[in-house]
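I am attaching a structure below and will ask some questions about it afterwards.
In order of appearance the chains are A, B, C and D, and numbering begins at 1 in each one.
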Amino acid sequence: MTHIDPVGALRAMLMIRAFEDALARRKEHGFQLLSSGEEAVAVGLVSALGTGDQLLTGGRSIGPALARGVAPERVMAELLGKSGGMNQGRAGRGHMSDPQAGFFGAHAVVGGNISIAAGVAMARQLDGDGGIVAILFGDGACGAGALHETLNMAAQWKLPILFVCNNNQLSVSTARDAALAVANLSDLGATFGMWARTVDGLDVQGVAAAAHDAVRHVRDGLGPAFLECTSIRLRSHSTTARETRSRAELAELQTHCPIRRHAAALQADGTLDDAQLEQMRQDAATDIAHAMAYAEASPYPTAQEALRHVV
Amino acid sequence: MTHIDPVGALRAMLMIRAFEDALARRKEHGFQLLSSGEEAVAVGLVSALGTGDQLLTGGRSIGPALARGVAPERVMAELLGKSGGMNQGRAGRGHMSDPQAGFFGAHAVVGGNISIAAGVAMARQLDGDGGIVAILFGDGACGAGALHETLNMAAQWKLPILFVCNNNQLSVSTARDAALAVANLSDLGATFGMWARTVDGLDVQGVAAAAHDAVRHVRDGLGPAFLECTSIRLRSHSTTARETRSRAELAELQTHCPIRRHAAALQADGTLDDAQLEQMRQDAATDIAHAMAYAEASPYPTAQEALRHVV
Amino acid sequence: MLYEQKPAMARMFFREAVTRAVREEMTLDPHVLILGQDVGAFGGSYREFDGLYKIFGPDRIRDTPVAEAATIGIAAGAAAAGYRPLVSITYMDFLMLGFDALINYAAKLRYKTAGGLSAPMVVKTTAGAQGQGVAHSQCIEAWLMSVPGLRVVAPSTPADAYGLMKTALRCDGPVVYIDHKRLFPTPGDTPVTETLVPFGKACIRRDGSDVTVVSHGYMMRVALDAAQIVAQDGISCDVIDLRSLAPLDIDTVAGSVERTGRLLTLEEGQVVCGVGTEVAIQTFERTGPKPWTRIGALPAPVSSNPVLEAACIPDAPRVADAIRALLAR
Amino acid sequence: MLYEQKPAMARMFFREAVTRAVREEMTLDPHVLILGQDVGAFGGSYREFDGLYKIFGPDRIRDTPVAEAATIGIAAGAAAAGYRPLVSITYMDFLMLGFDALINYAAKLRYKTAGGLSAPMVVKTTAGAQGQGVAHSQCIEAWLMSVPGLRVVAPSTPADAYGLMKTALRCDGPVVYIDHKRLFPTPGDTPVTETLVPFGKACIRRDGSDVTVVSHGYMMRVALDAAQIVAQDGISCDVIDLRSLAPLDIDTVAGSVERTGRLLTLEEGQVVCGVGTEVAIQTFERTGPKPWTRIGALPAPVSSNPVLEAACIPDAPRVADAIRALLAR
């Protein structure tokens, strides 16, 4: 049983990568938080969500937002501070949102986003419309007390929420093992009696399968679930942060790239040939070029807007 | 193998009970946080601590402070706001401390005391003098993020700290099961790979035995330990708080009183006869009468002292 | 009409006025919820939610664990997703534990979504000293006044507790609603018919001509007592209850100071960067500088010790002395 | 001596001055520790701890998880038990997460133990906007000024970063030491020999006679730029760097205002209940009221958007305009 269209998954991952590569070439708008290496988590997770569901994330939100279907040109404009952004360029990196698209939003306070998501899940529960919430956070967030408080309350109230830890094994420069004295991060959910599983976050089909299981559990009203996806961070913490790993380490990491891996699998099983793959890459690049053109054409907000939408 | 002198344990518990009963009769100094029903936890735990160790608690700190050996008259004076208190009457209920006696202090912010204790443990670790720290907190505190953050860091750094949850099954009016979605509260420690155990907190010898095991583990440098002691709260949350349980429930609870139980055991095995037991009760009452007399004779601080010891 | 029609009044305790407001709003709007420690069957630490649990049940009134941070965060999320949660934080000191969700998320949500989302929630908490000691007695409302996107109110009477709470529960963004612990058992008249008290409107509690006394919350009672004391010396105080700290009603204060020519600000919290200071300087921007005295707690923690607590917190005799000294300037 | 002896100076970046102070104090006192996120081999988010980990190792320099609350709590406990931890909180916005341990415990410890215990710790954090958006740009130092038991300092030059950090690490109680993100790469002279900057002493950075401009942290650079601009109009500014916000050096400010007769206060945070307001009213208690303008951020969150951030935060041209307007009053 497949839970995700394999070619569609590749297309989505290629689009995210192309988007972030294009964004990384723009230096004028401060730093960006890119998710290269984590595309399979975003795409696999989102394949399990329906239109009535909401996704929330931490600051590293580009991949998830795009996977969720937020228009790339609006994301690009937002990240470049332009009025055409989904939040008129004022949220920017770490804070963008598009609830209409099922992306309730990023919130860049590590751990601080988790209880917000549980609140959205409580609203879903009270609405009784079958909608659920997925909240994506990093391994770094697992040290934060906000996670513990929220896991407990979500379990107690059987909130319809899926906690997804994208464990890229780093919080800025700090290795997951140096920060967290737990065997699997999903143990944190298991302690509260939740459905809990740790999967390979570099395998988009594996993530999709686990996410579907978890979502079914949550949607059936059996309470929250905790899915840990172990992934890798192919870039430095932010586009301006110092890289702490050696070139050799980074090169080795590239061999685990989830996109490469999925593409190779599709080639191996004959689903795609070289030309088709190349065409998909070019399509992604073209789409992103359009997004960039839209963002570039969009104006900056005016200084007067600084006082709008405050209270 | 016994870990605690059974008669001494009874004497200590009787003294705490007599102290709190006497204090409860004084209405003039606001409310008090009494620990009747939890004496076995305090006395059993303290039997495992040495002179170089430090004990910290939450607001419900009278029993633990007395068990640790803080002079009853200084505790009484402190709780009545008198200058003869160990903190000159200014800490009062919930905040008293006597580090010289190995009682580093109470701190009435639920959960907020736990990381402080870990800091004291870090100091002990850096001092390298073999001293350890025990931190006593309630079931209520197990919902707080501060516990999670501290458990993780303590485990990561192998701090010499014993986490002791006095699970009296209530946080003000809220039942432990209504607040916490964990099977055993000691599971919270186990998740971080700690020595973890749940014991009957009404059995002073059982608490002592488990505390000795835990302390040995911690003192041997094997990292922190988490000991949950299930106990009962025989009184309302505070001396002025509304009682939420029925008279029948409270009467039933009295049959589980840890002091009654221990006394009955000592009578049953012939260690004590009725007269000896009665004498011990009277001795406790006499000691506490002296403490009360000391406290009564002690003056209030002057208004001028309000600005002392601020910075 | 030949005579001034007074609204019919019902006498009730402050805590009952809170309950009534919440009950009415929960009845009117099924999206209003309550979250907090011991707010359910127990009815709140000050019985301010007494009886509501029976009416509205466990879905809409939820006892929480001791987890202030997540409780405020969950409320903020629920608010953003269409509900109107009221969060009870037993003591304002512990509001700090939830500052992240309140200040870094809820207060900024409308702004960062360009108006797309907002967090209509009420954080109800209690301020001030009543023998509870260093970590349960603080008044930190001045901090909140400076946060763009937050509204802050602090009633001193049952009628205002009722009317401000109702307004808070209909507000489009986060509101911090502050009761003082000592006010819960105080009685007062509240209008029998539904009456909202708007934000940003101060109220003159006593008319006078010699000095303007501005305060809020429990200190209003101290202010009025002090005004009574100095009346015996022939000093006439105009006593203003701010009620709403953000937005501030400087019109009313400035109007009064124009008449009296003098200002005394009184609060239970610290005066440094305090409410009174802000009120005074905004007032003087309108009126020009006037003789002014600010009174607040001594610069020290508030002990549970009865002598030290009383020494730390303003009382009517000391305020009366300060009024006399201000008049003598 | 026939000539004024100037201390020998070494030029270094602000971040290096911080490093130097910490390195010297860690060398002198084995009880000084560092705790925080990415403070170890990474050397701190702004490289302000660069190289220290190699010297002092993992026992004394500890990378923490993302757990601001427990980190400050652990530091407070270690301080109470005899150590002198420096806690790095990357952004001041997240200091809120550790307010409970800092404000409800550390700041009150000496008081509640009647002098028996204290918490000599330094919480080092960064304030202000540099494109990081609504939850990473706030300046909340005014809140901290009102907390009895806390000391608060905010250097604007490498020499003061060095000297204030050293004083902070020797202080007997909790200190919040605030760097501004934009200052780390700025160069300046620091004394070659060990030099402490005392708390509670402001510093006149530019002498002038027409108006007193008071600020702190990064806004000092804006203040000096503005003074330079208006100098071309013949306006002479006395520019004062507070350096220490608690305790405040009102003597220096009042002395200046006595001479100039006018005051402009400038800060990057909100003006409501802000630093400038407190400075002004304490000054006017000495000097009597004087014409005064306060400048701070617009009352809005600070977006990462370059246009909106710049609009929100004071800059030299706007400050210069305000100085001219103040002179024209």
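FYI, a contact is a pair of C-beta atoms (placed from the backbone, for glycine too) under 8 Å apart; a residue touches a chain by one contact, two chains touch by 3 or more.
Please read all numbers here as calculations on a predicted model, not as lab measurements.
> Once the contact rule is applied, which chains count as partners of both chain A and chain D?
B, C
> Once you find the CA centre of chain A and the CA centre of chain C, what distance in Å lies between them?
Computed value for the inter-centroid distance: 41 Å.
> For chain A and chain B, what's the span in angstrom between their mean Cα positions?
Taking the mean C-alpha position of each chain, the two centres sit 46 Å apart.
> On a C-alpha centroid basis, what's the spacing between chain C and chain D, in Å?
Each chain reduced to its C-alpha mean, chain C and chain D end up 32 Å apart.
> Let me have the rounded angstrom distance from the C-alpha centre of chain B over to the C-alpha centre of chain C, please.
Their C-alpha centroids are separated by 37 Å.
> Give the residues of chain B touching no fewer than two other chains, as numbers and ranges.
Residues 90-91, 95, 107, 109, 112, 143-146, 149, 152-153, 156, 178-180, 310 of chain B touch two or more partner chains.
> Give the residues of chain C that touch two or more other chains, as numbers and ranges in rising order.
Residue numbers touching two or more other chains: 64-65, 67, 69-70, 93-94, 100, 104-105, 111-112, 133-135, 148-149, 299-301, 303.
> Can you tell me, using the touch rule above, whether these chains form a line, ring, star, complete graph or other shape?
Chain contacts: complete, every pair touches.
> Applying the document's contact rule, which stretches of chain B touch chain A when the two form their complex?
Touching chain A from chain B are residues 143-149, 152-153, 155-156, 178-183, 187-188, 190-193.
> For a test of understanding, state which residues of chain C touch chain B in their complex under the given definition.
37-38, 40-42, 45, 63-67, 69-70, 93-94, 131-136, 298-301, 303-308, 310-312
> Applying the document's contact rule, which stretches of chain D touch chain B when the two form their complex?
33, 59, 62, 64-65, 67, 69-83, 85, 100-101, 104-105, 110-117, 148-149, 151, 173
> Which residues of chain A touch chain D in their complex?
29-31, 81, 89-95, 107-112, 140-145, 171-174, 178-180, 242, 244, 300-307, 310
> For a test of understanding, state which residues of chain B touch chain D in their complex under the given definition.
Touching chain D from chain B are residues 54, 87-88, 90-91, 95, 97, 99, 104-105, 107, 109, 112, 114-124, 126-127, 145-146, 149-150, 152-153, 156-157, 308-311.
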